[in-house]
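Note that the chains are named A, B, C and D in the order they appear, and that numbering of residues resets to 1 at the start of each chain.
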Amino acid sequence: MANLTMVEAIRDALKVEMENNESVILLGEDIGKNGGVFRATDGLIDMFGEERVVDTPLAESGIVGASVGLAINHMRPVAEIQFLGFIYETMDQICAQAARVRFRSAGRFSAPLVIRSPFGGGVRTPELHADSLEALFAHTPGLKVVMPSNPYDAKGLLISAIRDENPVLFLEPMKLYRASREEVPSEAYTVPLHKANIIQSGDEITIVAYGPTVPIATSVANEYLQKGISIEVIDLRTIYPIDFETIIASVEKTGRLIIVHEAVKTGGVGGEIAAHISQHAFFSLRSPITRVTGYDTPYPVASVEDDWLPNVVRLREAIEESLNC
Amino acid sequence: MANLTMVEAIRDALKVEMENNESVILLGEDIGKNGGVFRATDGLIDMFGEERVVDTPLAESGIVGASVGLAINHMRPVAEIQFLGFIYETMDQICAQAARVRFRSAGRFSAPLVIRSPFGGGVRTPELHADSLEALFAHTPGLKVVMPSNPYDAKGLLISAIRDENPVLFLEPMKLYRASREEVPSEAYTVPLHKANIIQSGDEITIVAYGPTVPIATSVANEYLQKGISIEVIDLRTIYPIDFETIIASVEKTGRLIIVHEAVKTGGVGGEIAAHISQHAFFSLRSPITRVTGYDTPYPVASVEDDWLPNVVRLREAIEESLNC
Amino acid sequence: MQILDEINAPYHQIIKSTGEVDDQQLNDLNLSSELLLEMYEWMLKARLLDERLLKMQRQGRIGTFAPYSGQEASQIGSAFALKKSDWMFPSYRDIGSCLVHGMPIEQLVLYLKGFLQGGSPPEDVKVLPVQIIIGGQIPQAAGCAWASKIRKEQDVTISYFGDGATSQGDFHEGLNFASVLQLPVVFFCQNNQWAISVPIEKQMATKTIAQKAIAYDMKNIRVDGNDVLAVYKATLEAVEHARNGGGPTLIEAVTYRIGPHTTADDPKKYREQTEVTQWVDEKEPLIRYKKFLQNQGLLTEESEQQLRQKLELEISTEIEKAEKIVAEPLATSFDHVYDQPHANLLEQKIEVEKRTAEGR
Amino acid sequence: MQILDEINAPYHQIIKSTGEVDDQQLNDLNLSSELLLEMYEWMLKARLLDERLLKMQRQGRIGTFAPYSGQEASQIGSAFALKKSDWMFPSYRDIGSCLVHGMPIEQLVLYLKGFLQGGSPPEDVKVLPVQIIIGGQIPQAAGCAWASKIRKEQDVTISYFGDGATSQGDFHEGLNFASVLQLPVVFFCQNNQWAISVPIEKQMATKTIAQKAIAYDMKNIRVDGNDVLAVYKATLEAVEHARNGGGPTLIEAVTYRIGPHTTADDPKKYREQTEVTQWVDEKEPLIRYKKFLQNQGLLTEESEQQLRQKLELEISTEIEKAEKIVAEPLATSFDHVYDQPHANLLEQKIEVEKRTAEGR
């Protein structure tokens, strides 16, 4: 056990898996001597050498393309895309290539790779560093998309992702990198993929959150608990494929659902959840499903980003609306 | 007036706009002498010369990147991406660049360009030629996404797109290119963007379709009309921004909604529509909103694609389910 | 640029288009008669298959198909330079290379019929499914070679692509990675002068593709792509260079696409038939090589006829085998999205199975 | 490769790092004393601004910022070669060039404060907002130049980027387009030896960036990027070449990033301080140019002190102006997503305005 921040837990996961499995290599921009711009790979080059912790040229499509080839030829590449806003450069190699190697070859080849990437708002980064782009990948069969919200999950989910036989996009909320510390086992352990986590159970309303919005959801839920209103908070953990079972079970109990994410509203993952639940828990719903999300604009400049992001105020309003409906 | 197929109507739109506006130029792969792989630009090089109908090198990011620069410097580029499956290569230049020029510069610059691209299933194309990827762009503020379902709309919508002050993705359903002929005015005319079209009005159920699924929806609606059940069919026309007003008004009348699209279900535009309508017409809904879409797999090989695509059979089933709920 | 002409000067040929032979190089290559004949056999097989597939396409028995007639010397010569354990990343047009590297004709036909099975070569055949996205396979090939290098295995990876592909960002990123990391990979570009309707002059400002290697300080070879022996020699040199730790090579094989881009294409829209005739007359790879073999006393019209019949039969047998096979139903696809279908996918699979079973 | 050394041989310098001057070239340039001094003034202004911004960042008055100290000769020299009507596509590090081309300091400060107004230069300043996506501006610059060419206007477009950017697909695609279409564009690469922590040897296998132009048959110039006169001369040559219809040029300005990559970066993690000291000692652009001006009798310690004070004052005034400005509220952003907000967006805007008005 060690008391770790999320970014330390991520580093720890990489370390134990590199120890466990020779095939695991890391590649990306500035992940070597520099240890990554957030230090997620700090020190790993000293432990595992330049051959397994590789500073690549500055070319995201090249990084993912090379990872596809590495994975086809039986390595376990863990690539870092320095910020998720740069992932657009790699959409072909992720969505048209990595995600389809297995399908295209009817199972003869596969590309089990992991792409790690930090993202998320509220930390005053330059343009295109904060954008939540998970929805682009939740529309791509063949991929898995995972997002931790705390140090323990981060390590366990990342180990699961590395061991998974499919390409996994592992999205790391920057704001949570050093937001808190938690006891994390030193050895390898896994947290299962496509299994949502009921963080807090409750009867009157269900909130589905993931990554950076989980702390917002739990804090508001605690607030309401004081007032005698019990809210169920579900941390999605895996964004794709979505664990609808857990959400449906919850909504069948509470009859109300709010989804909270930082991504732009239209076309976001919240819409998919709302659509699915509206259909499959139609007769359990007591009020309309609402979404508390980023607005339908590009992620704005730093001076106003806090007004753009979902926050406790907006979540409270949604809860009131839902309860009074 | 001339009796035109959709692809001819598209060519006609390009022609009249090139005549009307010197700034309009066409660029893309094989659009010159070859007239495009579907002949959408056939003959235009003879009318307007090599300077305005340009065969570019084989590089989609370059094509869109150059179009952004052309548009910033006051041209009206209409780029062709040969098949929508290749658009992944250009996601950065579309989503992180074109869509943000105006926002980034607080209105000082803008990039009014059009990207035309054929797509859609049922025509036995090789891998990645049939994929419906509109949802990726319906999550990108700053863009507009347009999709015609008939020759008349194709011309009018494309002219609107070219005249629009914002970047527009204009998606052309291959299957409909030559599926039918229709009287199309020879002169320039516009069909407004972000305005859905009620193709057939009805009382008992609303079907929202767009592009290649519109004929399916209308044919089933006609079938039901014979049986005395009236179905309202809405052709979305613009996929983003979505004309929710029209859909809500319809659902408030019918109480039932089915959305039909070829794209993969999870994360598709149907989810967004279902989510929005579930929320905003919650108390009007008499049965769960359902979606008839592609399955959650990559677009499959040609021998089985017809089983994968939404069709009249699956739409009928959804209607029965909805009516009997 | 004067200097560029020097860099690109060595345009490798062994059998000139006039039929003359560079005896020195031929002797150096030291090929057995069997091997010389075998190469012809594969070239002819490839050509006959191409013709057959074209016919099948016209009859609606297979889908869209990209003929490769005219490029057999490039495809066969290069594939002959590989070991069975080497990796191949082909594009849609590289059927000749795939054949030589062990891809059964049956398999190729299934692919062209749009059957799920078509993408899955036998276990011991290290040929990736053909790449549709122009250039997409290039950084992947670099990555595959990287894996071999990391594990200190001797396998080399070869990536095939066309002149048009050199315009793609992935070409650049892949070559840069390979050169920085000194990977055992061969980038084999068949410059067939056309990318659909776009001639090479509109594709690039350079006279050669080989010179693009200078941007990566990479070994390059420019070779007559219609001279199977020259291609074989060039590729062998590159492959051995890679195997010995020398790093990547860019090969430009100068060749010509005699047929349409695909069966959906009409080249009359954009190129003069005289250009085609001229290439064929002057440089056709099979005619040239056949003449050479005849001059060497290794082939007669008669033995060629026999070979032709044998190959036609082989092709027919394989096609028949393929045509007996039933397409995998849609439901099977669902098993190949992930190693295990997730809950939602399973539900959809069951729906599809039910629908199929009920014949809806 | 011998040949490459020849291609890249002309490493242009006018003022050697030892302080010696190439009189021949200097005379040919035929610059007035005013212009020579003006260049120094801008270099100094850029340097002083850089230092000030770094301080402001440390005090939390602006956000993350990418210092450019050490690159002033490249940035100022190149921008001096432009006409006001030429277009500039800068990256985040090209503040010096932006300044010269008319971007007010006030504007730059607003950008760094994360204010919406920061992205919008005055109407007559043809400088695009700085590009964050490495290489993204390169094909855009080609397109912008293309528009000028189509309309037969005389404007040239310049695109700035770093050594790391040359690895991106967009670099390749942009340069290929520009060379095929013979566009009036200058690709100005500041090779500052580092891409964050990645040294140039890990970025590319080539010794130079200039040689990458050979892949496009493009004019190239390799210049001492710490010699403002050499940079000016090289860029002027490229700009005039473009203006006269000669097509694009790739310039490699060899320079050095003295400071951290950004204020969020700690270079001690990955580079030796001795390397920095050595570059500064041998090649620092301001010191070198100051010496030159002193030798020419155009500058004294005293006049330099006066200049410095003047510039400090100017900078302070601009910063004060900027700091008096209030950030545009979030709601204003909604007006710049489209030319007209659509229905949904308008609804959201009203929600935001209401929220702001009610202080929630």
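Here is the rule we go by: a residue touches a chain if its C-beta (ideal position, glycine included) is under 8 Å from a C-beta of that chain, and two chains touch if they have at least 3 such contacts.
From a predicted model like this one, the values you see are computed outputs, not experimental measurements.
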Farthest chain relative to subunit D (centres taken as mean CA coordinates): C
Selected interface, B-D versus A-D, where C-beta contact pairs are more numerous: B-D
Subunit B-subunit C separation of Cα centroids, rounded to whole Å: 36
Inter-centroid spacing, subunit D versus subunit C (mean Cα positions, whole Å): 44
Length of the line joining the C-alpha centres of subunit B and subunit D, rounded to whole Å: 40
Subunit B: positions in contact with at least two other chains: 56-57, 59, 61-62, 85-86, 89, 92, 96, 103-104, 127-128, 141-142, 241-242, 266, 296-298
Shared interface positions of subunit C, touching two or more other chains: 116, 119, 133, 167-170, 173, 176, 180, 202-204, 328, 333, 337, 344-345
Subunit C-facing residues of subunit A, complex: 25, 51, 54, 56-57, 59, 61-62, 64-75, 77, 92-93, 96-97, 102-110, 141-142, 144, 165-166, 194, 241-245
Sites on subunit A touched by subunit B in the complex: 85-86, 88-89, 91-92, 95-96, 99-100, 103-104, 127-128, 135-136, 138-142, 240-242, 263-264, 266-276, 278-280, 282, 285, 287-291, 296-298
Touching residues (chain side subunit C, partner subunit D) in the complex: 1, 3-4, 6-7, 167-173, 176, 179-180, 182, 202-207, 211-212, 214-218
Subunit A to subunit D touching residues, read off their complex: 29-30, 32-35, 37, 55-59, 61-62, 85-86, 89, 124-129, 265-266, 295-298, 300-305, 307-308, 313
Sites on subunit D touched by subunit A in the complex: 63-64, 92, 113-116, 118-119, 132-134, 164-165, 167-169, 195-198, 202-204, 264-265, 269-270, 327-330, 333-334, 337, 344-345, 348, 352, 355-356, 360
